[in-house]
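Dumping the structure here so I can ask a few things about it.
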Amino acid sequence: MSLTILNAVIAVVIAIAFAALNAAYLVWAERRGAGRIQRRPGPNVNGPLGLLQPPADGLKLMTKQLIIPGGADKALFMVAPVLAMAPAIMSFVTIPFSENIVARSMNIGVLMIFAFASLGAMSILLAGWGSRNKYGVMAAVRAVSQNISYEIPMLITVITIVMMTGTMDLKELVAGQSGGIWNWNLVPSLSSPLMPVAFLIFFICTLAETNRAPFDLGEAESELVAGFHTEYGSMGFGLFFMGEYANIVIGASLITILFLGGWGCPLGLFPGVWWFLLKIYLLIFSFIWIRWTFPRTTIYGLLNLSWKILIPISLFNLLFTAGLLKVF
Amino acid sequence: MGAYFSEIFRGLQSLAIGLGITFKEFFKPVVTVPYPYETIKMSERFRGHIELIENEDGTPKCVACGMCQRACPSGCISLASKSVKYEVEVKGEMKTKKKKVLTTYDLNFTTCSLCGQCVESCNFDAITFSKEYNLASDRKEDFHFDLLNRLEERNS
Amino acid sequence: MIKDTVLQSLRGLFPDPEPVVEEIVTEAAEGDEAEGEKKKPAKKKKEPRNNGVIEHDYAQYGYDIDVQLDPGELLAAVMIIDKAGFFLESVTGVDWIKEEQLEVVYDFSRYDFDTCRVVIRTRTPRAKPKVPTISKIYPGANWHERETHDFFGIKFDGHPHLVPLLLPEDADFHPLLKDFKP
Amino acid sequence: MNPSDTTTIIGFFTGDGFAGYADAAAGVVFLIMLATTLVGGIIACTAERLVRAVAGLALSFIGVAAIYYFLNSPFVAMMQLLIYVGAVCVTIAFAIMLAAPEDTKKIGPSGPLSGPLGLVTAGLVTMGMTGLAVNTTFSVLPKENMGSVKLIGIELLTTYSMVFELVSIVLLIAIIGSLVIARHGRSK
Amino acid sequence: MSILNLHNNLNTYLILAAILFGMGVYGLVTRRTLVGMLISSELILVASSINFMAFNRFTAPDPTVGQIFTLFIMAIAAAEAAIGLSITIAVYRNYKSVDTEDLVDLKG
Amino acid sequence: MSGPIHIQPGETFILNVGPQHPATHGVLRVKMEMDGEYIVKAETVLGYIHRMHELMGENRTYPQVLPNLSRLDYLGALGYTHGHVLAVERASGIEVPERAEYIRVITVELNRVASHLFWFGAFVMDLGGFTPLMYAIEDREYILDMLEAVTGSRLTYCYYRFGGLYNDIDDEFIDRARAFIPRMRKSLKKYDALVTGNIIFRKRLEGIGPISAEMCRKYGATGPVARGSGINFDVRKNEPYSVYPEFDFDVPVYDECDSLARYYVRMEEMEQSLRIIEQGLDKLPEGPIMPKKKPKLIKPPVGDYYQAVETARGSFGIRIVSDGTKNAYRFKLRSPTYSNMSLFDEACEGMMIMDALALMGSLDLVIPEIDR
């Protein structure tokens, strides 16, 4: 018990480093990817391929003055970015990158990730409200209603998988999918023929939960300026940014673990951390790709999608799978 | 019910088409010019700010008639001249003639709207457009061009 | 032809017996054209134009019907225009400083292919310019009238929100008046 | 004295190497979380601005979740985060935004006496309960109860299945009821 | 007993719960707004949950009963929050205030 | 999703969209009274870049005003200059050589395509899609390069002169324009697949921001806004000017009245413009680009002249009241977006802010042109 807490502390430190590094270079990847899609080079001046751009940006953000708006609630204004970043880092603790590389393997790993992810809504609310900005408040309300309504189909889908595999331990989830692509949860099996649909639902929900385009209503820059972080500059903004990208990595990891066999090789050979990283970065690339292709949805379109399409289908999937599991 | 699913299906299909297009574009070469490292050549007719044209002997062609000054909508050209006497040989005998010589030709580029009416109004083809476009400064004074000076600098 | 029907009903606005109006009108129009051709300096013609309806040559002026009337008859004329299905193109003013008058010009046009441009003018004394608003009939006139008020200081009676639109909120000058000194 | 209290402050220095340090670290984390809970609670019940009170409540709940973790029940700890922080606190903050937009109005105590009165009441209750807790001898089991998700699941669906169903009905009614109440007076 | 070993002591949890309960009572007495009272009542609920959890770990023969009770409390608390807040919003719509002293329609 | 909503008093708040806001594409301010996400009332505040072009028109000689006209609408500048030169030519009776008119039409239509392209990109960006803007700009750059090679400028062309043109087009321009047409058609297909077919895009525009034909008439909306409301009105067809009667082109009209209809109208207009350019290049006559005899000083005879042209944004009218001197006595600019924007206040009532901004985007605003 006690040992694990010390472990966890060390793991948190590593997770912070990993999250920060990931955030920095995902921004770079995002900008390069967007550039390629839009037929421009993207950042390419600082260092080879612009690889020194993220540290430069980070340095700039850190050295800038933190401006707190006059009417803002100072305490909440300062707390919100931390609250955005901290849960994301905590979630890293339980993600197994390979059989051995995991900070704290828990038997309820899935639940833990969702528990910490649910704190994100609180940080958005506090940021929007604390900065005393109408755009911020509107964006916060939007983002929270979005987060809450997409948590439902996401959890239902996870329950389907948990029901199938009988475990909430992320490591066991991956272990159950080892041995080649045909063992992945993504592939429909006799007892779960709707798995690709579940994957699609989970993927869409991940996009929505991480506030990524086309569901980035919380920071809809063309109508709400910058949404809940309108008033944030310097490292406050930096933390939100890092939190967002850390959430993306967590989302991609979760998809990989739940559906794509984790660190397993598609061919069943040499499983390892590289496969895991390859899968999550491919997923992240697809996030970037989607972001730069589609326009943004409306708030009611978003809620309609969740309540009228995703939740019924995922519920049906749950019942259907439960029935089939009983039969087979 | 059928409509419900067909709408979902068609929606997903349209999204996939969009993704396909951006994916194809992903592998096409970039079309932008990395500006400060590479510049493009301006076209023949590019209208930059104006420059004086010189004669063969290096003096400006301008006769200081002031047409450009009058044509300018924003009044950004100001020129001054003095008259000098000079001798020409007409039918064997030397005659003294007066002629205006340009002493200053100032272009206040801060108010210039680059319409090109000055060049058009010039009957002596004495001014032309420069092809310069890398003009940037944080001081207003940098855009008060003394064209006569620039002409000399160009010649030297 | 919509032009004829509109012409008919607009002429009905003027109480004078028609031939008289016609006479004055053609005179004025001819005078205009004659002067244009001869390029006479416009010295003599400083009398305010008489009220009435002029039929213009579209190719030369760009509009077909030119109506001048008193501010009092404006609403009646605009209602005729509205009934005939015209849309409001613009409202603007002209400062006739020599005649001590301000003119408000309303442009109307049609959406269909029965082309007919109607210009309605009304004059008001420069000292106390006041014209009824047509924003009740054409809500689009709201902005145009505010703009005209900005530039010329013409008061539009009954306008719901006559505050500066293009000029600063506290502007008390009217830049398009000919005696405006910045 | 609690029998399970085997490691003493001296044990921290003389303890068997790394494990001792680890225990100490766990203790420090526990203290931090205790402080978080209490500070959050104080903010929650005294802050003048309601949003701050909710933030304090969330902070307190995070601390409580950590305490549940120390009580060998990570499952309940996660549920605490998921339900209390992720749902209840967010809902309350949401409602504050909807119902009390003029947040600048500070909310003081309801009367001149209510502050001291509240303090006295709360103090008495706390004192009483603390005294009760300290002075009662509990028959502490020698074995720690380890929280097991599987066991909870089995219990929920066997022994407590009736309660489980009732709770779900209560939740359903709560959802419908709150929808009905909140939509009242609004045609859209 | 070491200060670093508090987490292995039942009394720590009971006292913590008592303090949280006291805070909840204090808030309930002093708060003027419905939302504030709701927040305080959540504190009280969580205090009782801590007690359940603590007894579950240290004294109960059944390793799950306390946890299950806590889970039920959570569910009830969530329901209570939802209902309470919808009432708050309804009250706000009618009275334009959530101050308990303004809601005095029945007070002669 | 808009509909009648009962507003509780005291529940609304004022939201200032602009003067600096990503959706206003310039310094426009809309004071919105909001009930949550719904707009209860909107009031547009203009004048942040008002430059009094009309007074400048009175203080400058006719040729000197030419550069001003390009600065009204920097995206479709040639259309506005076209209006001005046509008005002055009408007033002073200057004949224009046929070649010059053809070149004017070709360049105006190119400019219209460029303007619509930029609108397309900016509109999709308003809806949150960033990439189509870049593709649109790529095509637009091609047009701008072409026009720059001819006119010497990229945005504020100042290319037309009274009676003709500043300079003639060359074979290179013609080749490039010919190459542009198939390229643009291909691009339009790409946009169709990438944007028009996209379900998110359609869901955001279908039925959003309805503007009835009657409302258009009352507010004097013209251009694609009117044509998206089922009004078959295009100055090029209704009051033909220049050499437009020589061309065979259609006016796209959609009856849906929503933002998607306005989008379709503009997208189809690009195709029609390409047709006009194609025909213009085929028919382009030889000859001078300036009339043989042209008055040295332009002094239109006394009178009141009006000229309407169809710019990229609608019917642009210019009224010149001449007193026979070299300056105009009154120089009135009737800008299309001014009328189009004036209906926004009424149209956006009861809409959600996202939809209202989509509606605003579909009006194709260029703020300098509203403010003049």
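The letters A, B, C, D, E and F name the chains in turn, as written, and every chain counts its residues from 1.
Everything below uses one rule, namely that contacts are C-beta pairs under 8 Å (C-beta built on N, C-alpha and C of every residue); 3 or more make two chains touch, one makes a residue touch a chain.
Keep in mind that what you see is a predicted model, and the values were worked out from it rather than measured.
Peer 1: Considering only mean CA positions as chain centres, point out the chain farthest from subunit A.
Peer 2: Comparing chain centres, C lies farthest from subunit A.
Peer 1: Applying the document's contact definition, name the chain pair with more C-beta pairs in contact, B-F or C-F.
Peer 2: Between B-F and C-F, the larger count of C-beta pairs in contact belongs to C-F.
Peer 1: Subunit B to subunit C: how many Å between their CA centres?
Peer 2: 43
Peer 1: Measuring centre to centre with CA averages, how many angstrom lie between subunit C and subunit E?
Peer 2: One centre to the other, that is 74 Å.
Peer 1: I'd like the Å distance between the centres of subunit E and subunit F, where a centre is the mean of that chain's Cα atoms.
Peer 2: Computed value for the inter-centroid distance: 62 Å.
Peer 1: Where in subunit B do residues touch two or more of the other chains?
Peer 2: Correct list: 15, 18, 21-22, 25, 31.
Peer 1: Hey, what residues on subunit A touch two or more of the other chains?
Peer 2: In subunit A, residues 37-40, 141, 292-294 touch at least two other chains, as defined above.
Peer 1: Which positions in subunit F touch two or more other chains at once?
Peer 2: Each of 8, 13, 131, 135, 138, 194-195, 198, 200 in subunit F touches at least two other chains.
Peer 1: Per the contact definition, I'd like the list of subunit F residues that touch subunit C in the complex.
Peer 2: 46-47, 50, 52, 54-55, 58, 87, 90, 216-222, 226, 231-233, 237-239, 299, 301-308, 315, 317, 319, 321, 323-324, 329-330, 332, 334, 338-339, 342-343, 346, 371-372
Peer 1: Over in the complex, which subunit B residues touch subunit A? Could you list them?
Peer 2: Touch list, subunit B to subunit A: 8, 15, 18-19, 21-23, 25-32, 34.
Peer 1: Which residues of subunit D touch subunit A in the complex?
Peer 2: Against subunit A, the touching part of subunit D is residues 18-19, 21-23, 25-26, 29, 49, 51-52, 55, 58, 62, 65, 72, 74-75, 77-79, 81-82, 85-87, 89-90, 93-94, 97, 103, 149.
Peer 1: If you look only at subunit F, which of its residues touch subunit B in the complex?
Peer 2: It comes out as residues 60, 63-68, 71, 131, 135, 138, 145, 148-153, 156, 158, 166-167, 190, 193-195, 197-200.
Peer 1: Write out the stretch or stretches of subunit E touching subunit D in their complex.
Peer 2: Interface residues on subunit E, with respect to subunit D: 1-33, 35-36, 38-40, 42-43, 46, 49-50, 53-61, 63-65, 67-68, 70-72, 74-83, 85-90, 92-94, 98-101.
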